[in-house]
Amino acid sequence: MWNKNIQTFIGLEASFDEAKCVIFGAPMDSTTSYRPGTRFASSAMRQESFGIETYSPYQDKDLEDIKVFDGGDLELPFGNPRKSLDMIQETIKTILEANKLPCMIGGEHLVTLGAIEAVVEKYPDLRIIHFDAHTDLRDEYLGEKLSHASVIRRVHDIVGNGKIHQFGIRSGERDEFYWAKEHTNLNKFNFKGLQEAIEECQNYPVYFTIDLDVLDPSVFPGTGTPEAGGVTFIELLEAIIAVSKLNVVAMDINELSPVYDQSGASTALACKVLRELLLAMNKGEE
Amino acid sequence: MWNKNIQTFIGLEASFDEAKCVIFGAPMDSTTSYRPGTRFASSAMRQESFGIETYSPYQDKDLEDIKVFDGGDLELPFGNPRKSLDMIQETIKTILEANKLPCMIGGEHLVTLGAIEAVVEKYPDLRIIHFDAHTDLRDEYLGEKLSHASVIRRVHDIVGNGKIHQFGIRSGERDEFYWAKEHTNLNKFNFKGLQEAIEECQNYPVYFTIDLDVLDPSVFPGTGTPEAGGVTFIELLEAIIAVSKLNVVAMDINELSPVYDQSGASTALACKVLRELLLAMNKGEE
Amino acid sequence: MWNKNIQTFIGLEASFDEAKCVIFGAPMDSTTSYRPGTRFASSAMRQESFGIETYSPYQDKDLEDIKVFDGGDLELPFGNPRKSLDMIQETIKTILEANKLPCMIGGEHLVTLGAIEAVVEKYPDLRIIHFDAHTDLRDEYLGEKLSHASVIRRVHDIVGNGKIHQFGIRSGERDEFYWAKEHTNLNKFNFKGLQEAIEECQNYPVYFTIDLDVLDPSVFPGTGTPEAGGVTFIELLEAIIAVSKLNVVAMDINELSPVYDQSGASTALACKVLRELLLAMNKGEE
Amino acid sequence: MWNKNIQTFIGLEASFDEAKCVIFGAPMDSTTSYRPGTRFASSAMRQESFGIETYSPYQDKDLEDIKVFDGGDLELPFGNPRKSLDMIQETIKTILEANKLPCMIGGEHLVTLGAIEAVVEKYPDLRIIHFDAHTDLRDEYLGEKLSHASVIRRVHDIVGNGKIHQFGIRSGERDEFYWAKEHTNLNKFNFKGLQEAIEECQNYPVYFTIDLDVLDPSVFPGTGTPEAGGVTFIELLEAIIAVSKLNVVAMDINELSPVYDQSGASTALACKVLRELLLAMNKGEE
Amino acid sequence: MWNKNIQTFIGLEASFDEAKCVIFGAPMDSTTSYRPGTRFASSAMRQESFGIETYSPYQDKDLEDIKVFDGGDLELPFGNPRKSLDMIQETIKTILEANKLPCMIGGEHLVTLGAIEAVVEKYPDLRIIHFDAHTDLRDEYLGEKLSHASVIRRVHDIVGNGKIHQFGIRSGERDEFYWAKEHTNLNKFNFKGLQEAIEECQNYPVYFTIDLDVLDPSVFPGTGTPEAGGVTFIELLEAIIAVSKLNVVAMDINELSPVYDQSGASTALACKVLRELLLAMNKGEE
Amino acid sequence: MWNKNIQTFIGLEASFDEAKCVIFGAPMDSTTSYRPGTRFASSAMRQESFGIETYSPYQDKDLEDIKVFDGGDLELPFGNPRKSLDMIQETIKTILEANKLPCMIGGEHLVTLGAIEAVVEKYPDLRIIHFDAHTDLRDEYLGEKLSHASVIRRVHDIVGNGKIHQFGIRSGERDEFYWAKEHTNLNKFNFKGLQEAIEECQNYPVYFTIDLDVLDPSVFPGTGTPEAGGVTFIELLEAIIAVSKLNVVAMDINELSPVYDQSGASTALACKVLRELLLAMNKGEE
């Protein structure tokens, strides 16, 4: 008669088999250099999601109409980034093999590397759409190649020149900004240039990674390194809807650190971004 | 020689008899479904109001020039919403009978129902201007007819179709949005359409209810269910001044939950909204 | 292959059928007169319980050896205490009928009334052991008979004189303390007198209710009305073990309000109390 | 019909004329060297006092039986300690002239100096009972003679050797501890020696000053410089009752800084100390 | 081999002698009338600055290319504003005598008075550019001439009519706004009028004072009196760059109160403002 | 004339060469499994130490009389525990080679392993005195050998059976407690048995490691996994003084996580423990 307590994002009900999209948490913040805490993002989002609706008045779509499976959180070994990335890679691979769309909730931004390692195996011609406040292009950080500050540089090691499109960037070392001129398509401060990037990616599989600190700290203070001068929620929402027209084969949102915003507004916003992202990616054939 | 410690909003000095407007607190949050705390709004606002000025550079008016009585807070029975609403109804009635303008400080949004029950007795042809992030149009919530999520639906039970004008709405169930198409004048996201609504209400008595979560969580995180994508303080201020041209016969502001914004900025903003509201409603003949 | 995300207290694994004890949350705080927030207790405890161990070095017992089912939280209608109590009553009844030991996690202390209403049906000769900082003996509070401040008075209405044993009490109205002299066995400040009470209850079924604010606010600040001068964790632990020798037929712990202790120490302590309580009540025959 | 909103400590009802005791706030923290915030103590205590009872089960007395007037807070000029002390002095003088017992709520500890300047005029043979974690005996602090760290040294300037009895002291410069050997009766860490001090003060008028940081930070974290190793609430309570046998002619409690304890437990405890202090000082002839 | 622990803003490396600009903290908040805490601004900024970069993508300049000396914090006597101002005056004088650009980090806004007293000695024809939410033009506050609410009035006492240009002002007494019409160039709400002011100041030495509460509380909640309706970070940044074209001979930023924004976003933003200010003022000849 | 801003613990003044003791921070929390944040311990302690005195009334000793060098914090690579431990090992080695007493401030408890690896090279017959709430004896944690939950097990790998003396332990897996019976000298809950341990270690070099969570969460809530039922500050102080009679050749305190105690009391207490530790270890010949 009685069942165990299920906790999923906004009560997502689908099983793995029936789902077209699979979300899961990657609660890792080992390489965070300033203020840790993103490991609590996915569980906080599940908890807080009881306060939000399944319906989007922006898109006039409802989560109740689509099939998403919430697979819970990976149990990652603290202090071993490489092994954690391997586990993420394995998970993404399994989801892709089942022909479902993976959507990972970080965790620190380094989790994206594990995901892309899996995706690029299946889709060698992958393009990257990257929303962030930070360049994340250091070759190493305090001597480490695997770092949240290097994640997009590591992604570049895999996909090569001209395939990474960065937006909202407003912080980094001078060398990173200069290096980007040769190797990535870096757009400062906001989403200007997004339309061109979308056109360039039109015929390619796309990995879509959203570091939520692309948002202004006024709407998203709950993150490790808040950077003034970011985009608004509406701007992000419109950019997400624009990107959703592409062939997105995997995606993630990351860098929510719930403890730094005790109002809960940052977590609530992350939930809303995830809802809109899931709804936008669903192309309506259900 | 010595007097007891009086605590009123920004030191409002008028007695009940000399006042044209009466403010009071309705510290009720019994039906709040997510995060309670609005019961502390009115006392927090009185305390915090020592930090703000009586003068508005926006309207070039000063609270010192107008007569407002602060009647303190009602002592409402916790856990009995109907009895609480009766007490609110009684209070509003008393103020209306004395030909004064009531301005209630919530509490959760359900308090508005008690107020409107009283107002509609005196003004049967009442129109409602409603600023909010949420539809508040559920027929019931967890089986309860009296709920903060149903308050405008209950108001509709009283006033009927076409008399409720909603603005800033960006969250609710799909059914609520669809129901609204037939029964209320629902405007999504912002104040577009306000001018038309004002024209429609030109010749009617108006109840004006402001759920402060219509504001963006960036400027107003101190509320139970922060919804990204709201209006700015300046947009709200301009909308208030626009509405003040109408024959507003009663009004309320609600849903400040001070504990969720430890910076105090939300409470300070609520004070400022109340100041501007009181100043705007005062038509200068004093 | 993939399962949904189960969230239980410290990973309790048993199904309802195999369990000897059933825990569930009753997230109700409608009648709280001062600072609400206990509705979040049970979910916060499940979340925080990942940080504690299943083994008790105090009792040399391990939760892994006993069968407890975690039934999740009831969905109670906010603002309708009577209906909420009915749902609690129904739940307890179901558990008792299955011959299992119910352990409820409040919520405010009023939840105890619903539980005792069910228990007394099966065990008419019930005794009550009550740990609390507050008398909870008001006949009514702000006109309401159903209030967290009246819960033990309502219990007395049911069980009558001399059957309620109160410990740790250090706050209440004068009339409550004087009334208690005639009607309950009230022990002030600490657990002096517990041994006598245990002897008196030796041959009776016992309901055991722990308002966690019996603890000193130094160890348990996360509660609505912290009262200085309480007991230590070790004193509470020893008292729990003493009471566990009795025929406890149902029990609850209540009044954790996680938001008021941002260190998490109060929630962690509540988890530990629950662990020790479950272990103590298990009489070893497994 | 309607009255303005009165805010007094636990609803103390007496007028100045009928009162035997007068409490008032001295919200000054200008010289605080580390973390300011005591200016909010008295208003926070009035607000929080709604959560506590008028009856003391410790003393079996009730505030409802005694006559205390709450005169609100002085409006002190920020940044001018000497003028602030003059205003305090004037206030105490007025209360003493009306033959009432003054009880001041700080503010930082320096407020005590203004009070004692007034008291010593009426009672030249004054003794001081001083509970504190800190010596407060510096001759000057950063070049200033008027400082919270010098307040008892300044009091010594007035009353001279051997008249100050200090308890609970556990922090200060070496020179202060050594200087105390010659000039005050300093008792380290706790209340050992209190009985002797009480005997010595038997036939003298006494000023009683309680720096609440004498309490252990576990029970009273809400203060500017928490010092581990303090006394418990029960120890303080017993010491207060012991001192109340003397001829206390004026008293104060100080150094609550509410913002540093967001659980509210420190403010609640300060309220309880004030309640017990007022009850203990009332010698029952009412 | 081992050196002591140096703590400077973003690791600024220059010695006093080699520096062209000198920053230092003035941790004073004695006259703050509402919520103190600005005394912790400079040390919090040094600590938090480890989280931000030396490079500005806005200006394409890097702190590593310019010579700034961080002189640490002044040790100001708490509770003696005049003596504190004298110490600030002395410090500024020393820096000006060494032909370096002083940049002071408040502290409350009154610190600006000490600085201007020194600057005007060297530059009698000084103009003031003042960004703030508040007029700061009271003649006295609670009887005190030296107050954070009077600082610009005191500056006017020194420099006289027409030399002070105020921007972003949205709070003050009516009398202050009216007084400003005759005596200062007050621009309400935002930076409209800045271009004209810059033209007027073209040929004069300029003191540039930024009260950070000119920013909207959404981006800068960490201040004593948050005032809704402020400017964005980008608007402030552009205004700073505009002002930097002038002959700025001394400057300050003030009124960060870190404790009121536990997300750290306000402190991070203050760091970024300081970085951009230092970069803007550096006219590139290095 | 001007010097850079030096920040040392309570203004410790000695240079490396003249010091007898060297303190430094090891800000590492990569393997923390529950709530990270200890990386901020050492810098928070330096900042907070301005609020405490150099003199100990407990020991009648003063930090001004002894020579301690504060070497600042190591810059450890986030996410690479082994490399971090190597850097710690190197640092300790350098200090030991200079014949000074190293005192490390963690960081998570794993830092102790790096230190002991260095110490045991010089002192192969090392004994360990370990104060902690947790056993820290897991062979691995989530597959990792290097974990804060395994640190004492790894130390046992190095020093072998019977050389580790554990006190205050009240949390761990059953297997850890049972394993300890064969391999370490584990004392539950408090310091009972300390005298015997001290006698056993009389003639050996001793490493002294204090996990501050041995303290009760009431006095030390600022830590990742608060465990109710701990020791008091005075009990810890007496135990430290007892251990100081031994030949302590290196020591550490760890696991302060400042962000979880916003009152600052935990950080203040950690400062006081460090002061008392430094004073106790100084055997007076200076």
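For this structure, a couple of remarks:
Going by the order they are written in, the chains are A, B, C, D, E and F; count residues from 1 in each one.
As a working rule, a residue touches a chain if its C-beta (ideal position, glycine included) is under 8 Å from a C-beta of that chain, and two chains touch if they have at least 3 such contacts.
Keep in mind that this is a model prediction, so the values were computed, not measured.
Shared contact partners of chain E and chain F comprise A, D. The minimum number of touch steps linking chain C to chain D comes to 1.
Each chain gets a centre from the mean of its Cα atoms; the one farthest from the centre of chain E is C. When the contact pairs of E-F are set against those of C-D, D-F or A-C, over half line up by residue number only for A-C. Under half of the residue numbers at the chain A-chain E interface are used by both copies of the sequence.
Rounded to a whole number, the gap between the C-alpha centres of chain C and chain F is 38 angstrom.
In chain A, the positions touching at least two other chains are 216, 218-219, 261-262.
If each chain is drawn as a node and touching chains are joined, the picture fits none of the line, ring, star or complete shapes. Pairs of chains meeting the touch criterion: A-B, A-C, A-E, A-F, B-C, B-D, B-E, C-D, C-F, D-E, D-F, E-F. Interface residues of chain D, counted against chain F in their complex, comprise 34-35, 169-174, 177, 188-189, 216-219, 221-222, 224-229, 260-262. Residues 1-8, 15-16, 22, 43, 46-47, 69-73, 94, 262 of chain E are the ones that touch chain F when the two sit in their complex.
Against chain A, in their complex, chain F makes its touches with residues 29-33, 36-37, 39, 75-81, 83, 141-144, 146-147, 259.
Within the complex formed with chain D, the chain F residues making contact are 50-55, 57-58, 62, 216, 218-219, 233-234, 237, 261-265, 268-269, 272.
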